[in-house]
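Letters A, B, C and D mark the chains in the order given here, with residues in each chain numbered from 1 onward.
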Amino acid sequence: MSAATELTYLVSTALFIFSLKWMSDPRTARRGVLAGVVAMVLAVAGTLIHHEIITYRWIVVAFVLGAIAGVPLSWVPLTAVPQRTALSHAFGGLAAGLVGTAKYYLWLPTGELTKFRMAAIAIEILLGYLTCTGSLMAAGKLQEVLPTRPITYRNQNFINFGLIGLAIVIAVWLVFDPSRSYLFPMLIALALIFGVLLILPIGGADMPTVISLLNSYAGLAAVAMGFVMENKLLITAGALDGSSGLILSIIMCRAMNRSFTNVLFGAFGQVQAAAGVAEQRTAKSATPEDAAQILQNADSVVIIPGYGMAVAQAQHRIRDLYEHLAKRGVDVRFAIHPVAGRMPGHMNVLLAEAEIPYDRLVEMDDINPDMGQVDVALVVGANDVVNPAARHDERSPIYGMPIIDADKAKTVMAIKRSMNPGFAGIDNELYYADNTLMLFGDAKAVVGDLVKQMAGETIH
Amino acid sequence: MSAATELTYLVSTALFIFSLKWMSDPRTARRGVLAGVVAMVLAVAGTLIHHEIITYRWIVVAFVLGAIAGVPLSWVPLTAVPQRTALSHAFGGLAAGLVGTAKYYLWLPTGELTKFRMAAIAIEILLGYLTCTGSLMAAGKLQEVLPTRPITYRNQNFINFGLIGLAIVIAVWLVFDPSRSYLFPMLIALALIFGVLLILPIGGADMPTVISLLNSYAGLAAVAMGFVMENKLLITAGALDGSSGLILSIIMCRAMNRSFTNVLFGAFGQVQAAAGVAEQRTAKSATPEDAAQILQNADSVVIIPGYGMAVAQAQHRIRDLYEHLAKRGVDVRFAIHPVAGRMPGHMNVLLAEAEIPYDRLVEMDDINPDMGQVDVALVVGANDVVNPAARHDERSPIYGMPIIDADKAKTVMAIKRSMNPGFAGIDNELYYADNTLMLFGDAKAVVGDLVKQMAGETIH
Amino acid sequence: MSTEFISALFVFMLATFVGLDVIRRVSRLLHTPLMSLTNAISAIAVVGAILLAGEAETPLSTTLGLIAVFASTTNIVSGFLITDRMLKMFKKREPRS
Amino acid sequence: MSTEFISALFVFMLATFVGLDVIRRVSRLLHTPLMSLTNAISAIAVVGAILLAGEAETPLSTTLGLIAVFASTTNIVSGFLITDRMLKMFKKREPRS
């Protein structure tokens, strides 16, 4: 690497760090993106000026094609963001894997394959290809082109661990004798297969956790590539990435009060589905008219959105509702549970899309103390995140998961289509509480009706 | 460097980082020290196993002597901590300077002095020797063996900048032609002299700021040494150190609402001393009896310690006072101003020494909102940090410096020996306020009397 | 183990420290954009891909390299674009008033 | 400029990032102990001093090295001891009850 290139890499690294630093606050976040872009441009430029680069034409072609493919990928609706992320992790993993593969076959004949390089390559391709197929599976499950429910079979974990064990043995073997080139394709194959098997038993709703785990794998693959190519930029950027993925998945697990192992091997969302038999208690339901009345007469309303709002794309209607109530001087806040929806921060993005100012969004820990004073808690397509069982019922699969105390509000109104359980597949006593009124129907439709009611009244 | 050494260095670096991380909380802080010790031991051990080391005997001797000199240095009374720190910065700077010097004369004949190495050496010795003499001066002023008031003369800044400019010119010259060995001693001399001149115009009470600035210089000198010796551990540890010193001095400047330049070239504490002529207003003073009465009948008391408490070593008496009042069910809290005393966190350490539980110590920003409800604010040897002028008097030299709003308390009692001004050398209207009672005398004595009063009463 | 390797380790360790610290302080509000931002950053693999494709040592390496370049570029472009698109939506002041 | 130098720069930059982040989060309560802890850490110069003294290339270098070792050791010992002494004092629970 020439000094020029190395220095560019240095600057690029610094910019990547600032890019992430600036994400700590919505006001600086876009600057963060800019920094990231500049950093990436510098990285590419610095690499292109590297003397050993001889052919540019094809690279440019690849750039152009990549851009052409990339732009539409950025147009996906926000509900499809998880899939998109998964998909591009697949690309990232693939890239890492391919580079590792090529390096192996380049160095094999020339005998440049030191033990150390071989080890790095082995790690790179394992992580790379595993991430590739794994992410594809995840994307498939999220897009529901694949069955989202966990697919399990006897000795599943045994088989998985067997596979990965075998892969490691082969990797070690290669490290000590890189010339056994017939082992290399086997390694690749194992990585690809393992990626698939790893995701099979994981329920669709656990995908976000898995995705950010895959994100950190992709990062680590880049780090390994950095060790292979003795390239510091790859190492730093990869490390930033790896830690990010790791922390996000930890946050999600904590917020669900579950362990990594439980997420990865627990086949969650299947066993419990059985437990989802609702005892025959009766839930009171209300008409949009009544609901609109109650809302308008309230002093303070807390809206608790959940996955259902995302599915129904109800955020814009909710914005209208929010404005109607605000006009009437009702104090409206939104209570955001860290794992409401299907990815971290899911609700924030949707509500932001509907131009609801983010200073109206309150985090769980900040709103819970006030819930007692709230007149109306309007639950829009949320279920597990407001399930009181998490507080008191040891036997419940979500016991211990922190929830939003909607039940403490004077009146609770819950919008959902049926009495069906949510992601955790368990019944929710909140709906049977005396102070709860159900509003059955698609979230978008129901909220729409509420707004009509109010609009109607404001007219005559 | 052998791989073994390098790896030890890697671990050592990690430990240094954790050592600082653990300082973020008093509960883990001591573990932090342990980590630091282990890291240092590893660093030394890793270096000793370095193959090129041939003589050990003398090194051991140096270790022993160093330890012998070091232990007593750690016994100094807490009020002398700033001096001690300054003194050992002097040692640190000296070490860096000497190593740089030696390296120069080692490489000079062998022609190993690349431009880059020469530059690194130049920076190392400049910072090193400057830190050495500068810290000695600082220590002298703090110990008051040197006049603490700023020493100024005409064109002072002009001369200082001239000197440093000259030093830089010489350094650059050496970089381009290291063989001009006669320049090297001049560089050393200039660094040494500059260190002295830099501190001369700075008032004794500004020393803490200067010390932590010197701390970061010492760190940067170590970094430069790291570049000279191509030693990563020196670079990382030095960088940690450099950033620490920098941040601490920034915090202090902020808390005094002053700029670096003002601290370094403002000759603070001299000009204002002139302005310290108190207009003839009368301050009410009270007897210990009255004071004890008032304190016992209060529901809530906030004690605001300042530099005077440190000088008088009154913290133990204050502990007694605290316990007497606590026994009587009075709610006693301590309001800690970030720059009360003469070094950051000065008050915390003294009060901790007196075994006052640290959950009773409240930071300025947290206590100020409550000051309005407080019955008695007991100011013990604090002055500037409770001077209301900082809030409203544009012309005051401390205008804009955040203060503890003692004046808002229902009753204020101020313990000090006279009406003399404090560090900033300005009059304090608080003492003339209607709700203020002065308790004249040495803090230790006065608080002692207060305690006696209460003890007395508790008996009969 | 070369010094080159150890200094790589140093860089890796320090970068991880930085990463963990920085990410921990990202506002919850922005976790979804963060995911796609880091996703774009992970496309840094493009560097390795370019080197591979550009040095054009064997047809195999060049082709694999080019595919990798293509794949990573897609991530870079889509990743940054969508992140910015999401962030554009976050508004503090009331929209219409 | 050798790669060795640049990777040194990398290490320096990253370490600074870490340092600034870590120090910023040190509790105000502990700023005095922090000062003496970092003061002890700055005695890392002992590493350079040992190398210098140990390689014993010229009398001059050895002597200077030894003095440096002495000076830094003093800092290490006194720095860590006094820091710990101060920290021992910080108690949360009420002393006598």
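The criterion applied here is as follows: a contact is a pair of C-beta atoms (placed from the backbone, for glycine too) under 8 Å apart; a residue touches a chain by one contact, two chains touch by 3 or more.
Model, not experiment: these values are computed from the prediction.
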| item | value |
| --- | --- |
| Pair joined by the larger number of C-beta contacts - A-D, B-D | B-D |
| Chain separated most widely from subunit D, comparing mean CA positions | A |
| Geometric centre distance via CA averages, subunit C-subunit B, whole Å | 42 |
| Rounded Å distance, subunit C centre to subunit D centre (Cα mean) | 35 |
| Distance from the mean Cα position of subunit D to that of subunit B, given in whole angstrom | 16 |
| Two or more partner chains touched - positions in subunit D | 1, 3-4, 7-8, 10-11, 14-15, 17-18, 22 |
| Multi-chain contact residues (two or more partners), subunit B | 13, 17, 232, 236 |
| Interchain pairs in contact, sorted by label | A-C, A-D, B-C, B-D, C-D |
| Residues of subunit A touching subunit C in the complex | 13, 16-17, 19-21, 23-27, 29-30, 32-33, 36-37, 40, 43-44, 47-48, 50, 52-56, 58-59, 61-63, 65-67, 69-71, 73-74, 76, 78, 81, 84-85, 88-89, 91-92, 94-96, 98-99, 101-103, 105-106, 116, 211-212, 215, 218-219, 221-223, 225-248, 251, 323, 336, 338, 343-346, 348-349, 352-353, 355-359, 361, 363 |
| Sites on subunit D touched by subunit C in the complex | 3-4, 7-8, 10-11, 14-15, 17-18, 21-22 |
| Parts of subunit B lying in touch with subunit C, wherever the complex brings them together | 1, 3, 6-7, 10, 13-14, 17, 232, 236 |
| Residues of subunit D that touch subunit B when the two form their complex | 1-2, 4-5, 8, 11-12, 15-16, 18-20, 22-58, 60-62, 64-96 |
| Touch list for subunit C against partner subunit B, complex | 1, 3, 6-7, 9-10, 13-14, 17 |
